Structures are given as structure tokens and as C-alpha cells.
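Below you'll find the structure, written out as C-alpha cells, and then a few comments.
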Amino acid sequence: MQFLADADLSLPQALRDIHRLAVEQPIEGKVADYIPALATADAIRCGIAFATLDGEVHTAGDAELPFSIQSISKVFGLVLAMQRMGDGLWRRVGMEPSGQPFNSIVQLEWEHGIPRNPFINAGAILVADTLVAHFSSSRQAFLSFVRRLAGSEYCDVNDEVLASETRHGSRNAALAYLMKSFGNLEAEVDEVLAHYFFQCSVEMSCKELATSLLFLANQGMHPITGEKVTSPRDAHRVNAILSTSGMYDQSGQFAFAVGLPAKSGVGGGIVAIVPGHGVIAAWSPPLNRHGNSTRGLSMITELASRLGLSIF
Amino acid sequence: MQFLADADLSLPQALRDIHRLAVEQPIEGKVADYIPALATADAIRCGIAFATLDGEVHTAGDAELPFSIQSISKVFGLVLAMQRMGDGLWRRVGMEPSGQPFNSIVQLEWEHGIPRNPFINAGAILVADTLVAHFSSSRQAFLSFVRRLAGSEYCDVNDEVLASETRHGSRNAALAYLMKSFGNLEAEVDEVLAHYFFQCSVEMSCKELATSLLFLANQGMHPITGEKVTSPRDAHRVNAILSTSGMYDQSGQFAFAVGLPAKSGVGGGIVAIVPGHGVIAAWSPPLNRHGNSTRGLSMITELASRLGLSIF
Amino acid sequence: MQFLADADLSLPQALRDIHRLAVEQPIEGKVADYIPALATADAIRCGIAFATLDGEVHTAGDAELPFSIQSISKVFGLVLAMQRMGDGLWRRVGMEPSGQPFNSIVQLEWEHGIPRNPFINAGAILVADTLVAHFSSSRQAFLSFVRRLAGSEYCDVNDEVLASETRHGSRNAALAYLMKSFGNLEAEVDEVLAHYFFQCSVEMSCKELATSLLFLANQGMHPITGEKVTSPRDAHRVNAILSTSGMYDQSGQFAFAVGLPAKSGVGGGIVAIVPGHGVIAAWSPPLNRHGNSTRGLSMITELASRLGLSIF
Amino acid sequence: MQFLADADLSLPQALRDIHRLAVEQPIEGKVADYIPALATADAIRCGIAFATLDGEVHTAGDAELPFSIQSISKVFGLVLAMQRMGDGLWRRVGMEPSGQPFNSIVQLEWEHGIPRNPFINAGAILVADTLVAHFSSSRQAFLSFVRRLAGSEYCDVNDEVLASETRHGSRNAALAYLMKSFGNLEAEVDEVLAHYFFQCSVEMSCKELATSLLFLANQGMHPITGEKVTSPRDAHRVNAILSTSGMYDQSGQFAFAVGLPAKSGVGGGIVAIVPGHGVIAAWSPPLNRHGNSTRGLSMITELASRLGLSIF
């Protein structure tokens, strides 16, 4: 990755260009509507941020507007659980790509209630179970963790989204009860789901998201707070799982086209880790059929291509 | 990846250490016996090679003995097909991890004869079909390609292995006929399988394997021959698919633990790409239950850890 | 079916013989222990009853002891739902054999929340949903229905079994929530499960069971009460589904070996319909690996063979 | 089944009525076109025959025109294999309904190469393997068997259909090679498929079909030739499997609506066994989406309803 030498000066310009290109295109895809509260997101919003290890955050567009982080919360949940449980976590959740749509119950049945990885819904519910079992108030612990990483007290839950998630959570309840039936859930299903829906309903901006995950680009140490969030080895591990499983059923294609560990959410956000350099966060609500933001994908693909960011 | 500065001098020593550690351990795992000709491999053989972009190849142990490359041949087949077919190839084979055992027929059925990626058997058979359809003698073309990359005229097919593969190829025939029934195979099944079994039966040494794949660590250009084997983009793509799908149903775990694009074969070989630096090839016949060489895994994991090679 | 002429006189003797043969054999199989309350059933108990259309009930062994009817309750639930909903029921549940273990969630996922038939757990939960939605108190309605058919006020729920079912009902909750997520459940999941666990926990004797289902052998009319429980067509339909799907994953084998519509439960009961003649009910708690009573199977197979009862 | 008393006199009239009703309806469904030679069948042809145990054959419409029996041949193949192999056959093929489309490869993979029953394609190919292994010329043996049962020397193979089957047999080849890979096929795949395609390509008329299967309605004894084709027990068994698995993925619905053991073929034929009375054969080429003749279904359903033929 030789981009820093000549690219740094032009990074703000590159972001502006890329953002402009994206918003000039007709909007493709469809804002998530599987829960009503998400369907009201403004399709026209579009932002991008690149936080670098020196503490700078370059942005373009709506990079400071908070949006529903949805599945991106799975990264924070996983890191928090790794901190508390150590390698014991990996006896209860796998680290292999799933090869199935993100909420498939079939694989969970075949594999006796052990989710394939922590980024499919079943895996994130399992992780939520470990948090509920470990913390007296797992929701508060989650929020504190995110705020500390983002350096912002403003990250918070959207109550309307939370209520909507809870009302439309039957499939996640099915996943949770199935794991419970295999003995792979410790806490009560209701509590686990309450935590899971809570973390999905947190709102953050591109700027906050990019800042909060800098430790993953920096061997586990957050370059701004100085906090050792994970060991170098665990940072590599999170990046590895992001790389094979972070972009739903399009993970292979994203690795193929972009080559960065990344995670997306149905709120339209995508974060991508650039090891040794920084973190990109992009946001635009309309999604493709895989559940990934179409403009988010375009902007990150273009940025990675211009700056030569692929880890491969 | 800052290892070169201080590690280069000690690379030969590191390889010797790692090799000694590996052979001092009791042998775990079992030599492949799904075809009789492989079952005769000498379980005690063990070698490792690290070819670097400057043209050096450091080795330890049995690094110059040829062995059956088996599924590692899928990498050569894929690159040869990419050269000839361009992006049209990706309409007939996917690039997503499979989440299924390497020879599963279930997924092929669900996905209407489009194999998930070129490193599962169905995908490699599909790639073989494109080679058979494109070359007047695809087997000769394959062998010439491998020899040129390895810089060795000695790479050749083991006739006994080839005969054994052919006699025990019913499952691969089932995969081929299933793709044929979905209209995703152009050539005659018999010819396609003949090519596929041929490439699986090629023998190479660790030294030859590491040398031959250097272009994947060098943006597509072979540093010794100077041949532009693929575009930089296609080199990244091959590494990306290796990263999510190269180690059978243990690909996620390998990314998690080692963090390098890699491919293994049931002959006991493993190759791992270190982008910007070189290629590691390890060999030891006994396999774990996933079909990966146990000592090969140990040696590569240890080497990557000592030298800090993870791409994450 | 020419058995009546010469067999009627000897039916009591045949039942005694068959019962003696069964209890003389060593006990094979294992009492159900998936819920603790069932595990306490007395493995040595064994009874059989044959109720004929003329109102006689011949018995041998423990034919008047109540036991947990478990999945046999699915027959009563289905008939009650058919009475209330008519053919609309079949838009929400299928009538095809499942080819899968009785509680498989995989098929339910593939088929978008439409259970294959009313005798797998998902199907019976769907039927319970229609009862909950239709009756002000579906549990009371169920119990009244069963008592009326059995001609006995003593049929009742075992509270300990009910509590145990409820505590260990995670897998059934998973099935219910999955159907809910596909929009195929009207009532609240908790209420539906409460009904389902209630009906599974009803206790009846062989004598009561055989009597209660006589209408299925008599074109829908109960020969003792004179009640027209179903139309002749619906009686045929219930028998048809029993025939393809009543004996879990051993339904084909039972049709093959015995040739009578039948339903079993993990409490060790089996009922078999002899169209035009009567109903057999057998009970012995130890189960084979398919969940069917081993002695129950032996007794019914032997009786059907001696009397030439096969519908084929 | 009390139909004989009053229905016998009117059986010819009933057949004529039912046939007229059927041909007066607009044609629904689509002539099979998965192989070109079948696609040329005349959609307007329509016939029905009812052979009774006294040796009479009542017919209406095109009941003496030969058509491609296709999957109905699986019944003859099974009976021939049962004659030769006895109960050993059931170690290599199951007797449970499949719950999957008739040619699904998924189940075969899950169940390690043991087909679920002899009426799915894999099961019939397995049966073909036993015939090839047993007879010096299995094709000749099959044809002689069918001719003897039908009392007609004219039953023969349609060479054009046979050639077409062979050219489009990739999916069946996949099934055969998959079974071979599990060690559940004795003979060479090519020979097994040659037999299988041969028996599918036999042509018979409704009259010949109904006559040929009379033994299944008569405890195994052919009432015209006097030949004891199977034991009573084996006749019941064949009827049992027909009952759960004879009508592709509509077997449950057919049992539900008609209640007779039956087998259909994509040539548009359906045979239905009326135990103790006779055999119905109907033919009309257009098929519904399950592969069953739409007019064939109508005619048999109507006849069974009018005469009260259900075994339930």
C-alpha cells in the first residue's frame, strides 16, 4: 500500500470527487423496508468519511448525520464479547463464511445451533447472549463502549427504530429459540433479543463510525484514545472474519472487487478497514438485493481503486 | 508488513527452525486414501519453501521432492481461464465462499449449476470445461503454463495417480453431469473430467510451487520471467478468492489464524501468498479432517506469526 | 377385508395372544426423555384395545390406564380445525409427506412458512393457531371435543407434563416464530404454544383413544354417539394424511408393513384406523429411534397380519 | 367398497360420461418437453380403461393407442427386482416418501446414496442396476415381463424416444454417478442408464397398462394369466409405496383427493390400483406443474368419487 506518499494531500479532494460522482448517478436500489421505521430514511442522503491513524477525519457529504447502524453494530458487539470471554467465545460461534443468506435458519439447524460466524444474525444473537450473561446492564455497557470509541456522547438509540425492530423480530426470535433448543443460549431469549434489537437501533454518523473502528486498522490500539481495545492478534481476527463474512452474501464479490475487510448494515452504512492506514465509512440508504448500500459500494470501490487500498 | 528489514537475514534460519519443530512433533492426521495412488505417499516427508520477489527461494526439508499438487492445480487452471476468457468467466462460476464441504452437490443443485467459486470441485470442473473448449489440447497447454511459471521442465503428471483419479471419479462425474444438465458445461463430460483429473495429477515440489505463483504476490507480473501473467486487478481477485475459499471448510479459520491467501491440496501441499513479498509452499502428506496438511498448517502458521505476515 | 366372518369370535383371544407375545419379549427401545415428565413413564406398561363399529371394545393388558397422548392429539386438533375452517385450512398447511424428521425447521424455511402437513410439529402448531383464533377458549373446546368422542369425562391434562413441555419448548417456539415471520400465524405465539402444549399433555387410555376415533373408520360418523364428526370425504382425507405422514419418518415403512392409516405419539401410544371395521390403539412407552413405540408397533403389525387388515 | 353391486352395470356408461366431461373441458397444462421426442405427443388424445378382476376391460376414448409409459415403467422394474432380489433390495433403496421433487439430488447426498424410494428417479436407477446385474439381458427380460403381464406382444420401445432420453440424460447420469460414488451401484453407469432409458421408452395403451397391473389388485396373482407375480405381502407393499410416493410431489394430495395407490408418467399416463376390484389407466399428454396429466387426474378423481373407490 503505497498510497500515502502522494495520496494524502489529495485525500480530501478524492473524497469530494467520489461523493460528487456518486450523487450525480441516478439512485439505484431500495431503502430497507423490512421494518417500517427504516423505510422513512431519506434516500437522497449520502456521506463518506475517512479517518486516518494520525487522528484526522476527512469527509464529504452527509458525513456527520447519524443513521441507523444496524448490522454494523455486530462488530462492536463482537469486540466487546472478545474482550470479556477470550477464546471461549469460539466454542459457541464459528468463524467460517456461511454461504447462505444472512438470516438463514437452515445452516443453524444443520450445525446444531452453532452459528457459522458472528456476523450472520444468529451469530450476533449468540454474541448478544454472552453480553447479557456477562454485564449487569449489557445495553448500557454497549452504548458506553461505542461512545468511548467514537469519542462522542451523542451516539444513542433511536427509540422508534427499536420499537419497530421489536415488533418485527419474529425471525430473529426463531433463530434465538432454535439456538436455545440446542443449549447454546444462556440467558432468557427475551433479554437477548432486547439487547440485540437495542444495538441494531443505535445511530451514528460516518465520522463517528470511522473514528470508532480505528483500532482495527492499528493492531488493536485506538490511536486517538490510546486504549488497547484488543490484542493485535484479535484485531487481525476481526478483520479476517470481516473479510470473508462482512458483506452478507456479497462478501466474496466485495473481497474480489475491493479487497478490504468491511461490514455493512441495512441502514445503508458500510465501514471498511484499511490496515495500517485508517477506516472508511460510507452511507446512503438505498440497498441492492444483497442488502448493501449501492452508493456506499460505489464510493468505497472507487476510493479503494484510486488509492490502491486492496490488502491483496 | 515490516518484516523484511530484520527478518530477511534470518529467513533461512526461521525456515529451518520451523521445519525442525514440525518434524519433532508426533505425526497427526492421515494420508489421503480416497484414491489408492495417493495413499502410498510417505507420511514422514516434510518440506517448506519461501520464494521472494527478488528471485531467491529459501527452503528447509524435502522442498525439492515432487508431490501430487491435487487441488492446488485449481489456481493454475483458474489463472489460465482468466487469461483466455476475461470477465465472461464470472457468468459461469461465482466468487462467494461456499460454506459447504468442497465437493458438495447440494449447493450446485440449489444454485442451478453455477458453482459458488472456482476452488470447490464443481467450480474447478467448470474452469476445466472452459479450457477444454478453448485449447486444442488443454492438457498440454496446462502443463506448458505450469512449467513456464515454475521455471522447470520437470513438472509432469504422475500416470498412476491419473489412472487412480479416473477410476475413482464418480463423484466428480456426478458434479459434471449435474452442471451439464443445467446447460453450464460446453464440452463433453468425459473430456472435461480427463482434463480435470490430469491437472490434479501433476507433481511439483515446494520450490517449484512457490516460484510458480510469485506473480500473485507481485501484482500479476512474474518477477523472474518478467511475464505479465495477469493484470494487477486479476491478481488481487485471485488472492481474494483464495482468502475466502482456498482452504476448504477451514478457510475462515485460516484467515483468522494466519491471514494470508492460500490454497491446499489433499496431496499435503499448501501454498500461501504474501502480497508484496513472496510465496510460501509447504508439504507434508498427513491431513486433518478438513483435508488440510497438519504439519503444513503448523509450519505456515508459525512462519506467519514469527514474521508478522498477516494481510490484516 | 374378509376378517370379520371368522375373526370376530376370536378377536379377544387374538388380542390376548398378541399382548402376551409382546410382553414376553425383552424390552427394546427407550422411554422418551426429551422432557423430564415423560421420562418417568413406566416402561413395563403395555396395553391394546380394538374398538369395533358395533360399539364393542376388546382389550388386553393395560388398556384402561391413561397415558400422555402427545402427538396423537394432532389428529383431534386437525379434525376440530377442519370442522371450523373448511377447505380454507389447506391454504395454510399442506398435505404432502415431509420426508424429514418431524420437527425439522429446514423444510419450513424452504417452503416459506407453510408446513408440509398437519402431523409434523409445525403443522400442528399452525392448526393450534387456527383453534386459538377461532375459539374463545381453545383449550376448553379441545378437551370437550375429546371427552365427547371418547365418551369419558375423565380425559384430562397432566399438569406436570404440561409444565415440562412448556419449559422445554424452545424448538417449537422456533417453529412458531418462523411461521410468524412468514405471516402464517394469526394469534400470539405464546397463546398458540400454550394451546399446543396443552393438547400434547392430555392423557387417555387405549380404550378411550380407540373409541374416540371410530368416526374415522365410519365415513365420519361416530357409531356410538351418532355424531357426524366429519363428512365422509373429510374422514377419507384424514386417513389419507395419516397414511402418508402419521408415523414420523417411518410412515412409509408402516404403510409397507402394516397398511393402515395410523398416528403415534412419544408417550408410547399408536392408533390405527381400520376403515369399515374399527380402531386399534396400542400403548407401551419405550420408543425406537423414530419415536414410535416398539411394542406398540409389534402388536399392531401382528394383529394386522393375523386379521388381514391392510387397506392395500 | 360397495360399488360393484350397482355400479358394474353402469361402469361402461360411467367411463364414457367421465371421458366426455374431460374432453369437453379446455385443455390445461403442457405436454412434456424436457426431451424433444415427447413434445410431439398429440395433446388432444385422451383415453381411459378399467380392467376388472374378472378379466373384463372397459374403455372410453383413445384407450388402445400406445403412448410412452415413462415413469410408470418404475412399477414393472420394481416388481421384477422384488421377484429376483427378495428383501435384500430394501437395503439399497428406501420406502419412505421423499418430500422432494422427483429427481432431487439433494436428498440422495444427505442419505449417502440410498434413494428414498423406488419411484423417484434415483430409486428407479438403483432398481435398474439390480436388473442389469441380475439378467444377462435386462432389457429383453423387462420387455418379456411387460408383454406377458399385458397379454400383448405389441408392447415395444419407441426408438426415437429412447434416443432422445439418452441424449438428454445428464441429470439421471448425475444421480447414477452420485450413487456410484457412495458404492450403491454395482454395474457400469452406462449400462444402468441404458436399461433405465429403455424401460422409460416403452409404449403401452391404457388397455394394456390396466391389464398388466391386475395382479396388484389381486394379492399378487394375475387373474387372467394365473401367474403368481408376487406374494400377497409384496403386492400390498407395492401398493403402499405407490400410495405415499407414486404421484411425484402431489402424492399426498392424490391420496387426500382420490385415495388409491397410483403411478403417473410424464407421457401423460396414470394407473390407479383398486384393491380387490381392478386397475384404472388413464392417458392425456398435457401435464400440470407436478408432472401429472391434468385430464388423467380429472378422470380418475371423478371415477373414484362416483364409484366410491377410496381405500380410506
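Think of it as A, B, C and D in the order they're written, each chain with its own count starting at 1.
Note that a contact is a pair of C-beta atoms (placed from the backbone, for glycine too) under 8 Å apart; a residue touches a chain by one contact, two chains touch by 3 or more.
In this text the structure is predicted, and so the values were computed from the model without any measurement.
Chains that touch both chain A and chain D are the following: B, C.
For A-B, the equivalent interface among the listed pairs B-D, A-C or C-D is C-D, as over half of the contact pairs agree by residue number. With B-D and C-D as the two chain pairs, more C-beta contacts join C-D.
Distance between chain C and chain D, defined via averaged C-alpha coordinates, is recorded as 32 Å. Each chain gets one centre point, the mean of its Cα atoms, and the points for chain B and chain D are 49 Å apart. Chain A has no residue in contact with two or more other chains. Annotation, chain-chain contacts: A-B, A-C, B-D, C-D (touch as defined at the top). Put simply, chain B touches chain D in their complex at residues 104-106, 109-110, 170-171, 173-178, 180-181, 189. Touching chain D in their complex are the following residues of chain C: 94-100, 107, 116-117, 235-237, 239-241, 243-245, 249-253, 255-257, 259, 261, 275, 310-312.
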